[in-house]
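Here come two complexes built around chain A, the first alongside chain B, the second alongside chain C.
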Partner chain A sequence: MSFAVVKAASYTLAHTPDFIPFGSTPTTAKARNDQEYFDALKKGLRSFDELVNYPPNQCYIGNITPEQLGEIAQPWYKDAAAAERTGRYGDIMPQVEFYALLKAADAFDLVALTPEFIEQANPALAAHPLLKRYTLDASKGMAAANMHAMLEEHKAEPLNMNGELVGIVKQAHDEDENLSAHIMLENLTVKATGVHAALCLEAQGVDLSEVDYIIECSEEACGDINQRGGGNFAKAIGEMIGCVSATGSDLRGFCAAPAHSLIHAAALVKGGAFKNVLVVAGGAVAKLGMNSREHLAKDMPVLEDSLAGFAFLISENDGVSPIVNTDIIGRLNVGAGSSPQAVTSALVSEPLKAVGRTIPEICRYSVEMQNPEITKPAGAGDVPEANYKMIAALAVKEGQLERAQLMDFVKKHGMQGFALTQGHIPSGVPYLGHGRDAIMNGEINSFMVVGKGSLFLGRMTNLFDGISTVVEKNPGVQGGHGESAGFDKDEARRLVAKAMQDVAARLTESEE
Partner chain B sequence: MLKDKKVVILGDRDGVPGPAIEECVKTAGADVVFSVTECFV
Partner chain C sequence: MDLENQKRIKELAETHGNENVVVVLGGAEAEASGLAAETVTAGDPTFAGPLAGVQLGLSVYHITEEAVKEVVDSAVYEEQVGMMEMVLPVEEIAEEMAQFRA
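The block that comes next holds the complex of A and B.
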């Protein structure tokens, strides 16, 4: 059976400075009445333009490549050149559009907005090429005074614009904590940011009505008291974006879920069960401002001030788009060791060795692609670079690379981290768009997607997880992209004729 | 250096995880009283 292909990939951001207090770090600060932190937080917020101009975000939405990002001097948050909110792969939306989309995603009248805000939001929706399909009904707005009453009774979470109340997310049940206002806010956020990402595929020419399966792979859980985490974000998103021919389900695996989803999608297509599988993920509210304490202490702005999303389409082999080579799947089995060497062997060298290939033969490695400007001040180091050094060291150990070439390998086969620290967002898949283009343009032949997940955070096991696969040039491409070799009828005729001759010869022999 | 010392281990998923450090310090004669791996991203 033919390998599935990466048909398109999209990446989006939503600027949500007023959502930062819902993040895990600010929530902890609130519980400790840490007013000093909140005073500093207010001063450390970025404007929408600063978010758009930030070079790693420009890389995420596809206006610059990771290589170009690596050439820009750090700190990236200072003096960034003016840039566009729309990129080759996606879009960065301001908070007003995000709140409007949150309301559009609300199927149970849980989001209420003031009539004044709706008047402001509708023109913004109408001006957006992808969001203009949604219009909010100003006659169904709620007065701010009524919202304040619900907030005081702890039956809702506030939607603020520059500190001013413009809406609320209400609880969906009086007693069920799984349907609390905060959980509903988190889940509606996943849905809305997932919708934004998937719609950006449409801008790339994807017909969403042809999608026949959807896998949603973020890190939240929707359900009620009787089935917490029952799902299904996938179909909720599909319903909103016109995937009328699709069914779907949610796949969870902490940060490794997107890499698992890529392989699941490729297998569903290769096996013939579905033709076009959409993988989509919305953003994580809890991770807003996660490292803000350290950033503020170092006089940096709050860089985790936005929510991310992504989507990609895995389809039947078109003879042109890069294939997902599922003959190469690295896996961290339950019985695998946990030393860095054992993990890198299981995910990188062993699956390559199994098909007679070496680590340096893969052009690029898309690992945990966290933006180091976010992680280094917080003490977590440059995560992609640490991964590359480990892969290079393994190549040296296995005799595939000279020790002196170790840092050259890091430079040549690695890349600058550029993704937001939103858990599943940076893990393996941020390079699918850039990597697809690089293969189509003939700059590289292949890249490996490596996802890792911290299962131990769920306190069910001490294990952690990882899975990998390779995306590479479609062998159907001959002498440049766009030209498919197709099916060689003459060769097929010769093979059939030869087989018939062989059968005839064997029959003759048996008669004799 | 670690012989008969009580050791608390904080491992990093993207660096060296707890169980790997545990195996190393045990060979040096340490008594591991607590070991955990955390995710810092």
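The block that comes next holds the complex of A and C.
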């Protein structure tokens, strides 16, 4: 059976400065009445234009490559060149569009917006090529006074624009904390940002009505008191974007979930159960302003001021798009150790060794692609670079690389981190779009997607998680080795037929 | 340092006595390792966690420091830490850690 291919990938952001107080760090500060933090926070906010122009975001949506980003001097948040909100892979939406999409995603009348806000939002929706299908009805708006009453009773969470109340997200149940206003706000955010990401695939020519399975792989859980993580974000998103032929489910695995999803999708397609599997993830409200305390202490703007999303389509082999080579799957089994060395061996060197390949033979490694400008001030270092050094060090230990070449390997096989620190968002898959293009343009032949997840955060196990696979040039194009499209099979049949004819001819000759 | 870790270290020190607890860090950076060392000696410098204003004065080392390396089975050390030793700024970390054992 033929390998599945990466057909398209999209990446999106939503600017949500008024949502930052819902993040985990600001929530903790609020509980401690830390007014000093909130005063600093207000001064550290970026404008929409600053968010758009920020070079790592331009890389995320596909207007510049990770290599081009690496050539731009840091700090990136200072003096960035003017840029476009739309890119090759996606779009950056302002808060007004995000709130409108939140309302469009609301199937249970939980989001209320003021009539004035709806009148402001509708032209913005109408002007957007992908969002114009969602027009809001101003006659169904709610007066701000009524909203204030619900906020005072703690039955809703506020939707502010520059600090002014324009809407609320209501609780979905009077007593069930799983349907509280805050959780509904988080879950509707996943749905809305997931919708935005999936729609950007449509802008790339994908017919969403042909999707037949959807995997949603963010980090939130939707359900009620009797089934807290019941799901299903996947179908909720699919319903909104016209995936009429699809069913789906949610896949969870902390930050490793996108890499698991890539492999699940590729296996579903290769196995023939489905033809077009959409993997989609919305953003994480809790991670807004996560490292803001450290950023503000270093006179930096709040760089975690937006929500991210992504989507990608895994389809049947078209003979052209890069394949997901599921013969190579790095797995961190339950019995594997959790030292960095054990993890890197299990995810990188062992699966390659099993098919007779070496670490330096893979052109690029898409690891945890966090933007270092966000993580370094918070003491977490340059995460992608640390991963590249570990992979290089392992190659040295395995005798595949000279120790003196360690940093050359990092430069050649690594890349600049550019993704927002939203858990599952930076893990493994941010490079699918760029990597697909680089393979299609003949710049590289392969890249490995490595996802890792910190399972211990859920307090169920101390285990660490990880999974990896390789995306590479479709042999249908080059007529190369390995599993292939119809071309190779036909060629093989011709060769066998010719050999048999030759044998038959020789036998006839000898009989004569 | 993570607030939950601060809580666990505080509880361990209370249970076993400060002089009987040694903290071994595995952080990838000198500065972050220094902050963690400061937290378990002089108290949480960010004043956010359970060790804010609590001077435990615990013995603290980084896994890549010679003093730790000497007391670990060399084969186990090579298997568990060998690769990371190649990658981490070992000297910088050692200098940072020494400041908190004066």
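Please note the rule applied: the second predicted complex is superposed on the first by the 477 of 512 C-alpha atoms of A that agree within 3 Å, B and C clash if a C-alpha of one lies under 4 Å from a C-alpha of the other, contacts with A are read in each partner's own complex, and residues count from 1 in each chain.
Everything below uses one rule, namely that a residue touches a chain if its C-beta (ideal position, glycine included) is under 8 Å from a C-beta of that chain, and two chains touch if they have at least 3 such contacts.
These numbers were taken from a predicted model, which means no experiment stands behind them.
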{"item": "First (chain B), second (chain C), both or neither touched by A:Leu406", "value": "second"}
{"item": "Chain B versus chain C as contact partner of A:Ser10, first or second or both or neither", "value": "neither"}
{"item": "Partner chain in contact with A:Ser349 - chain B first, chain C second, else both or neither", "value": "neither"}
{"item": "Touching partner for A:Ser261 - first (chain B), second (chain C), both, neither", "value": "neither"}
{"item": "Partner chain(s) touched by A:Thr326 [first = chain B, second = chain C, both, neither]", "value": "neither"}
{"item": "Contacts of A:Gly379 with chain B and chain C, given as first, second, both or neither", "value": "both"}
{"item": "Which superposed partner A:Val396 touches (first chain B, second chain C, both, neither)", "value": "second"}
{"item": "Touching partner for A:Phe456 - first (chain B), second (chain C), both, neither", "value": "first"}
{"item": "Which of chain B and chain C A:Ser446 touches, first, second, both or neither", "value": "neither"}
{"item": "Contact residues of chain A, present in both the chain B and the chain C interface", "value": "337, 339-340, 379-381, 386"}
{"item": "Chain A partner contacts - residues on chain B that touch it in the complex", "value": "12-20, 23, 36-41"}
{"item": "Contact set on chain C toward chain A in their complex", "value": "27-29, 31-32, 35, 46, 48, 79-84, 86-87"}
{"item": "Chain C-touching residues of chain A, taken from the complex the two chains share", "value": "28, 293, 337, 339-342, 344, 379-381, 386, 389-390, 392-394, 396-397, 403, 406"}
{"item": "Of chain A, residues touching chain B in the complex", "value": "255, 337-340, 343, 368, 370, 375, 378-381, 383, 386-387, 421, 423, 426, 452, 454, 456-457, 462, 464"}
